Amino acid sequence: MIYDGQNQVDSWEEVLLIYRSALRKVNTKLEILNDEFQHVHRYNPIEHMKSRIKTSESIVKKLKRKGYESTIENMVEHVDDIAGIRIICSFSSDIYQIAEMLVNQNDIKVLSIKDYIKNPKASGYKSYHMIITVPVFLSDKVVDTKVEIQIRTVAMDFWASLEHKIHYKFEGNAPEHIKEELVECARMVSDLDARMLSLNTEVQKLLDS
Amino acid sequence: MIYDGQNQVDSWEEVLLIYRSALRKVNTKLEILNDEFQHVHRYNPIEHMKSRIKTSESIVKKLKRKGYESTIENMVEHVDDIAGIRIICSFSSDIYQIAEMLVNQNDIKVLSIKDYIKNPKASGYKSYHMIITVPVFLSDKVVDTKVEIQIRTVAMDFWASLEHKIHYKFEGNAPEHIKEELVECARMVSDLDARMLSLNTEVQKLLDS
Amino acid sequence: MIYDGQNQVDSWEEVLLIYRSALRKVNTKLEILNDEFQHVHRYNPIEHMKSRIKTSESIVKKLKRKGYESTIENMVEHVDDIAGIRIICSFSSDIYQIAEMLVNQNDIKVLSIKDYIKNPKASGYKSYHMIITVPVFLSDKVVDTKVEIQIRTVAMDFWASLEHKIHYKFEGNAPEHIKEELVECARMVSDLDARMLSLNTEVQKLLDS
Amino acid sequence: MIYDGQNQVDSWEEVLLIYRSALRKVNTKLEILNDEFQHVHRYNPIEHMKSRIKTSESIVKKLKRKGYESTIENMVEHVDDIAGIRIICSFSSDIYQIAEMLVNQNDIKVLSIKDYIKNPKASGYKSYHMIITVPVFLSDKVVDTKVEIQIRTVAMDFWASLEHKIHYKFEGNAPEHIKEELVECARMVSDLDARMLSLNTEVQKLLDS
């Protein structure tokens, strides 16, 4: 949500309502695109989706880390992933297609993109992130609301679940050999994704010819 | 869907996809409005909702009755209830509030309204009907798509289910005494709705004072 | 859940897990019966269902009213409606059919029945209540778990929602004229249900003859 | 469904109803086990599930291949996967735990097990298959009904989707180099699964010590 003086937000409960509405709306858009893709290309690019609202604890923690007080204004302004949707697809080529289809819709604005697939994190993390806004229609106003979209393959997602667990359990200080092993697993994930994509492309070419 | 030459619709399957998408979109809008209403007024105006796509058989039948050939153009042009949503609420006063909240959204256009609550059918049928259009975002175009909205109370809905069954089973030619009995039941439904609404209003007044 | 020494229940969280599982199981049984009924009789006796777990606040309040300490043993022993399912159907004749179909299943035990349809409460309340137990299969044990089933018509349910709201808002002490008005509405509900059932039976007879 | 003379099945529609009911029941059992596992071990072994009823076309094709006529008796007797559930989990160690938890339930009978994880197919296919029966309670009888359970990791599932597509598109006669590439990908999947499981076990050991 792009916060401004006019759209006075009077309580955290109303803010949550708005983010929840934004999630519903983006979910619906993605279901429609997936149906259309299935109709045209005869396969579903979206394997499955998960959406979540960030817990108040995590939001407060993030504000603290960034040096802001815990006010509703600061949450809305400085925490971009209060509403989040994760899209899991089969092949890395699907990722860019889904992102493009979503971004082309004229009521969606893209605030920022982080392409951790072209530029993976040091940990080995790969995923495509976007912060977008979507208009939420309330009975007396329209509120442009921020949603973080993460798009990744099933293999990247499998790796990310384990990495998240390790990061969380060791509070960011995992032993060095564990970190190295994770990086090695990330490399295997990338190799598998590349090999499977190339096989899929080869098969497609044979069938089209 | 407002059909025109540019948005060439190439197959019935694609048309269905678009109507299904419109249903999803209106459903999402109504869920958001219900949440907001619950937040502000502490009760849900929408008791429950049902949505459906008309079967091809019914569409063809309707076109025939209206004297049109069974082409996709004619379906899209002349059958307004291919996509339909029925909203069931507790009190008749909720009906107009829901209708207004929906219609106020700036991407919705109202094509027509039939208020069978103020002007019930001879059979006794009461319900509030609107034909609206909602824009469906596809990957390469936006299609304004027609959806029929029916709003009624739980008691009206109970009556309408029985009336539908009778109409369908007797193919429109129910015996006279059955029709009369239906009209009498419709009167009882209206009395009950009026009495319950008045009790609810009275209770609300006592609590607010 | 029938509590005994062998099936030691060690925490409230586990107890909730068991009640939630019992709800899932009874819901599944009812969906299966509804499907079968639809297959054989060509109509769904179950209009819709709602299930809920009682909140801890309500459970503690009920124990207090009954003069028991708030221990897990007392909850499991003395609160019969921790897990509850409400079944809404069209006609009062459906109520007894659904109850019988459920009770006939050989893994369900009926602990008690309260027929507030034959014997309405003074308030005008009508509904059919059963306390049953259903076995929940956990990885190392089977726990017979209590579930309260309430079965009523759409019209009874409409009335009960308003009565509940009034009872709750006035904390049981609604003004006399409000209570009388409620009783009058309950009478109208019963008349409507009776008239609609009789019309439905008449229609059925005409069609079968 | 174990077919016998007494439980005469009079139509394909009723048979489908029974298989659908069996799917619902096994799904409910798995959701309950997943909840319990989450409660005890603080993680969900089941990443997600998919269930399906085999299409009539596939059933008829399978019967033909096996040399049987297309009768309902033959379908029920000779096609074991009319109702199927696929369970996707993170680690290969989860697979055996889920299988054991399910099989331990005293109303489930195991008819057969095929462990394609210990003994992969020549194609590289890995998955754990069981044919079980579960009792379905109808209003007048109880029918033991067959369900095929497939359990595999996310990585195995990713591979299996591509393999299925290739097998289907080339009607079983994929070019040799495609088949070899698939086997190579299957090897990479196994390596990744083994490495991730070993990392997960190592992490768990460090945290427990």
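By written order: A, B, C and D. Residues from 1 in each chain.
Keep in mind that, in the parts below, a residue touches a chain if its C-beta (ideal position, glycine included) is under 8 Å from a C-beta of that chain, and two chains touch if they have at least 3 such contacts.
Bear in mind the structure is a predicted one, so any value in this text is a computation, not a measurement.
Participant: If we define chain centres by averaging CA atoms, which chain lands farthest from chain C? Would you check?
Facilitator: If we average the C-alpha coordinates per chain, A ends up farthest from chain C.
Participant: Suppose each chain is reduced to the average of its Cα coordinates; what separation in Å results between chain A and chain C?
Facilitator: That pair's centroid distance is 42 Å.
Participant: Averaging over Cα atoms per chain, report the distance between chain A and chain D in Å.
Facilitator: 30
Participant: Two-or-more-chain contact residues of chain C, please, as numbers and ranges.
Facilitator: None at all.
Participant: If we use the touch criterion from the header, which chain pairs count as touching?
Facilitator: Going through each pair of chains, those in contact are A-B, A-D, B-C, C-D.
Participant: Could you please specify the touching residues of chain C with respect to chain D in the complex?
Facilitator: By the definition above, chain C touches chain D via 13-14, 17, 20-21, 24-25, 27-29, 31-33, 35-37, 39, 101, 104-107, 136-139, 142.
Participant: Where on chain D is chain A touching in the complex?
Facilitator: That would be residues 48, 90, 154-155, 157-159, 161-162, 165-166, 169, 174-175, 178, 181-182, 184-185, 188-189, 191-192, 195-196, 199-200, 202-203, 206-207 of chain D.
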